[in-house]
């Protein structure tokens, strides 16, 4: 990996496992021998409120610990999309979970639309691994962490009994990334 | 009265009425149209501990409110004498109540020895007015307050039923001052 | 939100922008708010004459939602603020709503002193037996053995009996209910407001998130069922192990403000004389 | 002051330069100190294993006079300091002496929480029913109607019943006596020290200066006579209006430090497993 | 009890008055309606006087269970429209810090009297100090503005107490009257009461309830405040809040509020910060002092002048906000500034900061419970 | 429980660790034996970790009824020989002020962790700030010395926590670890635990009990301290005290004690005050920052250097005692100092005071609950 | 079923369409947090949960307007217009203070 | 009678000279504050007040060494050497903590 600072932001609702996904990503970076920072934010409401995980990965020291301009933004809920659709980053990867964000994305040409939850459900029988599907997708598209490190981090952090589903989800995410690459990126995946 | 700052210090034990005596003196000064400050100190012990009343009287504004070098020092108890006999002021009037301070005062040539409590008892039937005897003596010797103002202040501040005794004590104190003046000042009055 | 007739409670709410509330799904604090509103309605009090004060905590967020004179004070001190306000405005009805930590941990002293003075306030303790807002630390009412973030091996301390403390300290009126018994709750609160002197109403309340999750107590519905099944009206001898609900103390003691007003009257008379 | 045999209490005093004490003539605080010393003697405790902590007030000045490990803490917080010390040194006997204001006004919360946790401390409340040190303001135990510097028209608040508060909050042992009953007092203190858990001994104490003078209660002798004539042993049905003296509560409840040590043991076992 | 009490004034008369009594009388003159406190030396006389005087005037005196409760009750009473105050000394002042921050944040008028005694900790309860000067500015967490006044004379204690209430209403802010044991317990000649007392009443809104926002910038930097129960129902919180008083996380609303909070004081430093200068026209050195220490400083200044020395006096009546600009220009006008304080050099730092090396700044300090004597100052002036 | 716990160390391993967890781990590494606290955001994780870890190590965790009780219990435990600490945030820190003064006055080692959040008052509990910097120095009444450390990185949080315990034992003083919400709640890569931990144990007296005076000057500025129950029976009080610990009103004894109290810190500023400088050799401007703000400052400094600007970084690791001399010489070496803080300019005043006008001093501040961004700083550097 | 949200107006839940007396119980989806309390404790089993987790009045004829769902809902998201209000609207007996 | 003070050694009060068993009660004038408690409550009226206000054992034969004066004195200024100490010197039953 070249000398680079990656900034990843996952936004959605409490309960979608964004903290876990971010931590897996950060741990994977550390596994790769890089630096990583993660910040996880909630709103005032403890459950059902907004949730955001920001991960910074760098080969260099990480001084400023907050996201300056995300290289990757994954949006997991309609509420979150409403919140941030007006200032989506112009460069980088923006993924929207179209299983939750129902609104037409025609006006957002730079958005990669992926039904993350649906894919998770198809692959694992539950929509709960949408976070990990996203992780696979992002990691494969950006290569900010190695496959080996990612699956190691996943093994370390998956809840008891949840590892298999997560591994499946991760693989599915990577496949999607692959298909996006080959099939041409941009908007409009399987919506 | 010439432009002058008078500093008076009364020292003894709690219960000897030094606060009252000081207040009467200060009120008299105000009655005369002068400025006055009074500070009354106790030790940590609430009863039976040391007591000290410092009065400053001046025709001018009183800025520094503490006694710098007393012009008048009246010592009402043996404890107080022990406390301060090593640095008695060299100028000014030092009165020691020999009813309480039993030790020989030969070594203290500048001290005016007066059995204040005894005089009070003789004059009023109680030693409680020793403070007022002292007041009469001091006022008459120094003229720092006028007779009229002093008796007015005494009237104002004496406890109910105590005025007469106080007036008698005041008179007695003034007489003593008179006799000291005529009979020659210095040490050794009626010990 | 102007469909006033439909739900009279809405009349009392600051509907504009404030809802849905910050509380977690199933959290019982809103149910207590509903009971307070119904009590105020039942007593025909105007919104202007009611003040609702709170300390800090999830419970402390309650006043923001209701259109009384409202104050979110500091953690534990709401009763002291309320004492000052009541003395300045004896004509107002002052309700003070506190979490269990707020009222009895950091605020325990103000609680017993308000009771001792018997200040004419209505104190409602939303007892979820946990520090909800800070994520689930044990509180002085967490039952021995239960878990909290700061009692990973289970609480080793005794829990306060709020009602006994209030009684021992001198309160005129003490009652207990639960969020399951919401219909009885509003009546108890109304009695508390009506009572001269210091009134305490303890409300066992579900915190399905901070308490429920740490203690496998189930969701809000499960917790409400627990309240239903483990409490019983005061004096019910058939169910000895259960927590009594209802009015526990109701006695005539002089109220502080009332007494103070008498003091003023007599001091003035004396001053004139 | 080496005449050791003559007065065994002197052995325990810091005679050097510290006496006579700062207390007013006739003040009963010294009598309580004497009783503490006799209790310690009776239990054959060494000076090293005893700590005497206090808050601020005339009562707070007590530790300076006695040759234990002594700490004059801040106003109202002595029990919190003592809780920390006891947890660090479970082998020491920790006695905490507090004025009524110290223990129950500013310190009321620490008092009820030490009782709730049932920390193995012996709390002695020197109840002179006034703020002695600051000159005679009313305290939470000043009887209604009595005067204080801050109640020139008489106290309008109810007084706390210290024993009831301690009991409601969870103390293992609660007793009451007076400085007139000095011979019974040392035995009660000894029982308090021996008791596992939190022990409270309330001592009605004469403050002839701040309380006595404001309330025309007479001198120390008069006040002691009042204690003699207005108290009676617990359970004495012949004297219903009088203040009961003796052991009011004595019950077996787990002590905090003991429980904590069990927790450590099991946590360690679990950690090893 | 719900109406503000009328201010008290009367025929002036020469009399001996204690500093603490003057504060109590000043508070009554300003219309004090509520006083809550917890006993502490050397502030007790204030409560003693007010416990008798307030009920006679229809006001409320209450002894609370501690200092935290005292200030909390004061804030509650002020929301109930009474002029309200508390009095304490160092240990109690430390305990009040959280509530002081609340009062500043919700912009509620009230007066906090701190009769300083020697510290830190229990210190020497009966001895004077000026050790709480920086605490009065910075004692609570988070940034907040505050006004702190410090009287030097008994008459001034009376007047500044009235002024403290006035400033608290004018700027909707807690005001601290920082006095000390010397001034609190000494008695001196005053001519009081004042025949005329200027009393600032609370700015009430002129708009109807629907248009009323208690924390609004529109109405100027000090929004009007109506108390509870008058038909203007609003919310009060120590959380960051919007103009209506509701909690907010919006950066623009936070900035609006915070900027106004500081602006209302910072933009009025000129009006709020009183500095009294004497013999400064030709002074080569000046003593900077405040509180009772300024009395010794004035004494020393006069004596120095008698000895022919060009010494002036700078007496800080307002401690906070500190008038950096004024002090800077004082610094430019003299060669040497002696900052005299009964602490280990607290205002000294501010003077140094203001003067930026333009004059030599020297501290004269003591913390053993004694006043700084004129001779100590004369020595420093050598 | 009565023996001090052994310090903890082990094989370092790269891992993701939260700032608050690092503080808890650092405390355990230093041999923490007692932790008492009251819950508050954003400090809670420290208690959560310790409530589980301490009993496992034979130590004590107790949740007290409030913050006042927490620090009081900590002091009691420290007199019982355990290394003791508490953790809180602004509102709790305000409440602790009286006890902090007591700890300073009786010279008892302990560590107070303040994870700063946005204030004043309740403020924004989940947002960062650095608004308690001056409070940490001046929050209690009366003059007292204090040591305050402020970490910028998670690894540093770990190390400075150990250092805080060490300093507290070395100087017999409370030490405040002043961190903030950003550092407290972010996680980053660290290599921990340390393979080797330097731990300062308490200086015990070498003399027999009869010759032992716990506040004596003879034994140097930091008298040895033996805990309760070891045969050295002595008295502890917050009153002004003599060398034996007994209350005193004697001026000479008071001065002896107070002078030593300050001397032990003031004479060791050089040793205690850590300032880290980077790229300062040729710098024309420098950013002065501390805590998490220093991370943005370093980011900005690097970016400025890339743009070819001669910008350096001055990172304050120790906030108090403030190293005026070092800052003065920094001021002489550059033209411009940018002081970046998440408050309205607190350290700014100290920098100004030190620099005495030799360099331009500019504050970059914000208090809306957001960090100061590198671009904000780059702008200020224009 | 679409999530109801956003415009702050009370709407009849879809349940209203299912039954003959839909207005017996008005459900405010905007405020509802889908906690399930109303459904669990309706003594007449008149409420059920729709596929999105919101309550619906699926058996309005069963509903006796007891109002329990209204008072138990922590989020003011249910109204029972016909609920009997407590009789106690007697003039306020104010504390004599 | 002269005030005893100063050198910190326990002295027999003058009362010792008045009676045959003066050592039955030892009075420490240095610490005595003349509160009168011992005199007032001596059950045998063995103590009286001297002209300076200090207690004196004026009827030592009356004294039965009950020790009440000792325990009631707040200032540790009275000792009754023969006072029966409480029997309870049994080994300390330490709290099991």
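Some points to look at:
Note that the chains are named A, B, C, D, E, F, G and H in the order they appear, and that numbering of residues resets to 1 at the start of each chain.
Note that in this section a residue touches a chain if its C-beta (ideal position, glycine included) is under 8 Å from a C-beta of that chain, and two chains touch if they have at least 3 such contacts.
The model shown is predicted, which means the values in this text are computed figures rather than measured ones.
Both chain B and chain F are touched by D, E.
For the pairs D-F and C-F, the count of C-beta pairs in contact is higher at D-F.
Distance between chain A and chain C, defined via averaged C-alpha coordinates, is recorded as 44 Å. Chain F and chain G, compared by their mean Cα positions, are separated by 54 Å.
Note: centroid distance chain C to chain D, computed from Cα atoms, is 33 Å. In chain C, the residues that touch at least two other chains are 23-25, 72, 74, 86, 90-91, 105-106, 108-109, 113, 135, 140, 153, 260-261, 263, 267.
Across the assembly, chain F contributes 52, 55, 65-66, 68, 91, 98, 102, 121-122, 237-239, 247, 249 as residues in contact with two or more other chains.
Looking at chain G, residues 33 sit in touch with two or more other chains.
Contact residues on chain B toward chain D in their complex (touch as defined above): 43-49.
On the side of chain C, the complex with chain A involves touching residues 22-25, 132, 135, 209-210.
Of all residues in chain C, only 56, 72, 74-76, 101, 105-106, 108, 131, 133-135, 137-138, 140, 149-153 touch chain F in the complex they form.
Residues 38-41, 44, 47-48, 51-52, 55, 61, 63, 65-67, 91, 121-122 of chain F touch chain C in their complex. Taken together, the chain B residues at the contact with chain E in this complex read 23, 26-27, 29-30, 33-42, 44, 62-66, 68.
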